[in-house]
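For reference, the structure I am asking about is given below.
Lettered A, B, C, D and E in written order, each chain numbered from 1.
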């Protein structure tokens, strides 16, 4: 009885008792969710255009952020470092296309997936040689991102919102909107979607695989940079960031591998739900740290009902 | 490990980690260790004329690599420095068989203090349980009963290292009437601890103790600032007191404290020598000079100093130019790092004085409290010592349990407490 | 008529139905996908021992009809009576157990496996030895394996694909793949064999070969065959009765000649006859 | 019997496409084309006939440069399109120059709508939205059925509609020449006629040249002006379509017409090995 | 003419079904076994046993288990590490609860625990496919590792949360625990690996193996030829996880000696996956070749500078090492996407034809 009470009654009573706290939990979840969504978006873009499950997205986040900070440390002004970093990401996209994607065109999915793990390892080694392993500070102020926090007194308590989190939420919304427009309204966007369906056919109508891939990987690089700035502003930049890739995978599962909307809604849903679950159920009842698996289990359950995720493309299954 | 084969040198392997998620904290430690040995070789031509061969094997804080490194380096080694609680746990059972002493200063399994049971393992000058005891002593102003009715959170890495203090804290909580609230941080959550800090905000503990490592430390202090948790109620173990981590937060981290059995002394003779013989000739791996002043770099120096003193003791006792592992073990059991000796080393005040024995492999030298002043850590307390009476029974019990679980496990009955 | 040996070992399984009686009857089948009505109230029957053709324009619902018959699709309405037993929904692998086998419009072979293994896979349902015996590869498991191998060799012989026995089917030319697929279906010893465009994309010569095999199967083994095909020559020559579907409705059903001259069929499907 | 390979190109000036003695190897070991030469006159429809696996698709892919994605390579010979050597161009360059392939098996973009499918065909064009819109309307006049289904996902349209989509998509690139691979495969007879009628119209009204790979010899030879017959990677016979239709071997092996009219599939003799021009 | 097959005719289907239709294969295997059973033990140093031979065998076994699932039945799994963990913890509990139990029995039994857990997490595979399934197996990965951490009963409430292998003997010889000699452990592992491999070969070429491959190549068609997808997939998960579980038990008991939950985290899963893929999916031999490449090569590479007497900072060596391995993986995938086993098959084909090119 106590047990049932602890599961079904107490958490809600707690929520009602301290609405300011609940709001804070939701906000924290939202901010986390936006960041998950951003990483997931990188995956989605690449998957959509090439059916490659790009495991390297996580390390690309680290790489982009480190390049930005590293350039700044070398004395490049922040606002110049930003475009330079973009240039580096472009070079990276071109290099990946040349060295990995082109020779592996038309190979089975799993081979390409493995290749992206290869890329991940390579970039880890390469990055550590260049940037060293220590934790670096994100150049938040230099990029003119506000760093104060706003505290609102509500419901007899307070909710505090970091301006940089707010900035990253707004920034992400803009980024996603731009991306959606790009995908649905432009020729290149259409070509990206076409490529996901059938490489050969895309080639045959004159879509240049290499160009599109470079474009897509570059966009993924831009998203990685955005993620890196947002996340780095919270906790510094180091190779430990790489593990956040794992947080994006359940988002993909939940939202659907090829859906931009799915990545966003999935990201937000997971961000908020996992935080609520951890705070109200995980910590009191299960020894905490349920965030390690909650998102996965949630996504798994959703998949049982919709095997292609909430917004994924229906699997056309015909004989 | 070919260089070790010569008769006239002493092979000191180190299972280092300058890569992986914990590289940021590992690197300055390894640099300090390495530079101390280099200093001896450069300044004194070795130890009493015998060259010291310092060799790193990279583990990336990965237990599996660590074991591989142990196997790779053990052949001529006089010591093994596993550098992670996980690797220590793996190597510990082998030490009786391979007969190589494990030196794990300030880390590893706390009951290793019991030299009767753990004949080959050493964790001077203070164990994690000592650390926990000292922090409690400090925050209770000397009397643990002052904590009665208080709530103390333990924010810890969800890893053997982070869980290490829990058994002792549980016992003490029971005894002194405070509530213990362990809050684990998973490896993937290190950078995003908002859930943990929400819990802290909700539970409003009177103190937060931290057993954090790597990126977790910076993440925690950032969140603490964000949550407006009073910094002066937030105290870390010695591995959570890294300048690099706090620099990320700067001013906002002001008031955060970390207990430490070493204190940086940038003006000491030792540091001057390091600058002269190691850094200036370009023989150090440090990235910039400011690293020399950091807590972890100087702690690295002290760790090597402890080891070298043990080897020196072995040289003298056995009259051996290059003592073997068993002899070095004797040296580690008979360390006497008193203030006079530290003074001689040019390191006065840099390390807590301590003394080991056959039965006591830790020395329990105690520690000081350091506080972040916005730019660097400064010492803010006198020497604190652990409440051994509270710890010893638990140590004894856990050591026995370990021996039983791993039977047949040899016990050195010749030691007396 | 031909000089090939009869392959009597491979007779269709005895289903207790006399030649000429109704083997399968589809009653009032309706099937829709979202808004698309693939089949609307279709009834048709298949008699034991005949070659039954189903024709119709693209998207008429022919493949869907076969899918309903062997349980891959469950119709929203109507039922199937097979060998006197009525059912609406069932698992596809049960259809095989009841004696229905098929080939597919787009070759659906197991590409990574050899011809032999593909055909052996068709006999999976009939093999029973459990995994414990298989681990040892001795005694019962081996005996069973060899017994089935003999049957399969018979089929390989019949289809004249001995030379590609150990070739992975992914590497075979299209025509041979279709033949292997037929072999896999035959290995199930079906009493009803469903063929979905067995000759699409073949040249004349291969079509002739395939026709030969279909007729042999039908005549020597007494297997009942339902066939979808767009080549009118083939349909007219091989089949006993033809059903015509258009937009999910049955618009004609009868002998080839009757169907060929049906004005509705000409308009919907054949176009101007030449 | 008409001439064989090599002598095909009589009036080079008039030829939009010339293939000279090409060899194609897959996977570095499998030799598939063993010296194929053919040409297509400007504004003509030329058929490429042959059994399964003869190398028709391979020939078309060699021309449109789609072999790389399949680990195939042209190792010998050259290809001239519209007066320029093209064998080293990328497929999109070739499309830009006006040569586009409609692949065997349709290959529509299943998750895109029919209209988006058509628009992808305009990828290489640089002449602005309005021109593209106009061409879209033009495609819809040729294929009214596509207009009805413009918003459906291509993956769920019928085989015939997919074939139309594929051809329409190719048209959107404003090609001078279309390489059409087995347009009739799997289509109902009426649709086959319909598609070929449209091909004819396009040819006559828009002046598009066609190279047509087909199994359905009967239809192909009715619409094409010239034909090549490919066997095991070699051209074994070529000539005017009319002449080919009268050729005894073609009748026997490709049209199925025996001594007295069409042979019945029911009465075919069983051959272990058939006569071949070459072996 | 190393590989002359002429003159080897088969007169019965049974002969055609023999393990080695080509005699030279049997001879080659014999040579390999002689090396494994006689030559290595006589020559290897303790380091070679502990850092090369034993891990290669254990990893190959884990990869074999994964290969059954991914290579034969086509179900991509990223949860191998956690299933190894289930085997290891099960074995630990068996050994500590029943100290009298023979270690071989304990290991064999622990496989059943991981097999059951594997089958449980395999249930979603009936509906979920491809990468979705792969990510779903990550749910198993993260959940199980979390459970290993939180469920103190599993590690007998030890303070550190780690498990330690006690000294275990069999017929008077210590085979596991700190006192066990490397060579004993090597023979022990080798024995188990050989037996399991023999069983695996037989299963994969018989009825069950065919069913798996059919499901892998085209699951709809497999269902329509009468294969019960649910049974086929679940047996694949079961058998695969059984082998993986055994390898996990060996991993801890015969090699590592102690373990904490994080050991079974995702890098382990990836490592095993690499081995299976670089070795060759759908091949038994590939697992061994892959394990040699992925496990042994880094050990050797990182030893190179020391062997040459060059003193490079260990961190740099490690960084380079990681880079090289990343690049190697990509290179191998490009050169031969089907893995080392295919590489060998091509060489073997050439040898059969040799010296005549046709």
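Heads up, the rule we're going with is that a contact is a pair of C-beta atoms (placed from the backbone, for glycine too) under 8 Å apart; a residue touches a chain by one contact, two chains touch by 3 or more.
Everything numeric in this text was worked out from a predicted model, so none of it was measured.
S.K.: Counting one step for each move to a touching chain, how far apart are subunit B and subunit E?
M.R.: 1
S.K.: Please indicate which chain is farthest from subunit E, where distance is taken between mean Cα coordinates of the chains.
M.R.: Chain centre farthest from subunit E's centre: D.
S.K.: Report which interface contains more C-beta contacts, comparing C-D against A-E.
M.R.: A-E
S.K.: From the centre of subunit A, which chain's CA centre is farthest?
M.R.: Farthest chain from subunit A, going by C-alpha centroids: C.
S.K.: Where the centres are mean C-alpha positions, what is the separation of subunit D from subunit E, in Å?
M.R.: The mean C-alpha positions of subunit D and subunit E differ by 49 Å.
S.K.: Counting in whole Å, what is the centre-to-centre distance of subunit A and subunit D, each centre being its mean C-alpha position?
M.R.: Subunit A and subunit D have C-alpha centres separated by 45 Å.
S.K.: So the centre of each chain is just the mean of its C-alpha atoms; given that, what is the distance between subunit B and subunit D in Å?
M.R.: 75
S.K.: Any chance you could list the residues of subunit A touching two or more other chains?
M.R.: Each of 128, 133, 246, 287, 289, 292, 319 in subunit A touches at least two other chains.
S.K.: Find every residue in subunit E that makes contact with two or more other chains and list them.
M.R.: 146, 149, 220-221, 224, 315, 318-319, 322
S.K.: Residues of subunit C that contact two or more other chains, please.
M.R.: Correct list: 72, 104-105, 108.
S.K.: Using the touch rule from the top, collect the residues of subunit B that touch subunit E in their complex.
M.R.: So the residues of subunit B in touch with subunit E come to 1-2, 16, 18-19, 23, 27, 55-58, 60, 62-64, 67-68, 71-72, 75, 85-86, 89-90, 92-94, 96-97, 109, 158-160, 163-164, 166-167, 184, 186-187, 285, 398, 402, 405-408.
S.K.: Quick one: in the complex, what on subunit D touches subunit C?
M.R.: Of all residues in subunit D, those touching subunit C are 50-53, 156-161, 182, 185-191, 193-194, 215, 217, 253-256, 262, 264-270, 272, 274.
S.K.: Once bound in the complex, which stretches of subunit A touch subunit D?
M.R.: 105-106, 187, 190-191, 193-194, 196-208, 258, 313, 316
S.K.: If we count contacts the way the header does, which residues on subunit E are in touch with subunit C in the complex?
M.R.: Against subunit C, the touching part of subunit E is residues 13-14, 17, 19, 199, 202-203, 205-208, 210-211, 213-214, 216-218, 220-229, 235, 239, 282.
S.K.: Which residues of subunit E touch subunit B once you look at their complex with the stated criterion?
M.R.: Answer in residue numbers: 46-47, 50-51, 96, 146, 149, 156, 158-162, 164-167, 177-179, 256-258, 260, 262-263, 265, 267, 299, 302-303, 306-307, 309, 313-315, 317-319, 322.
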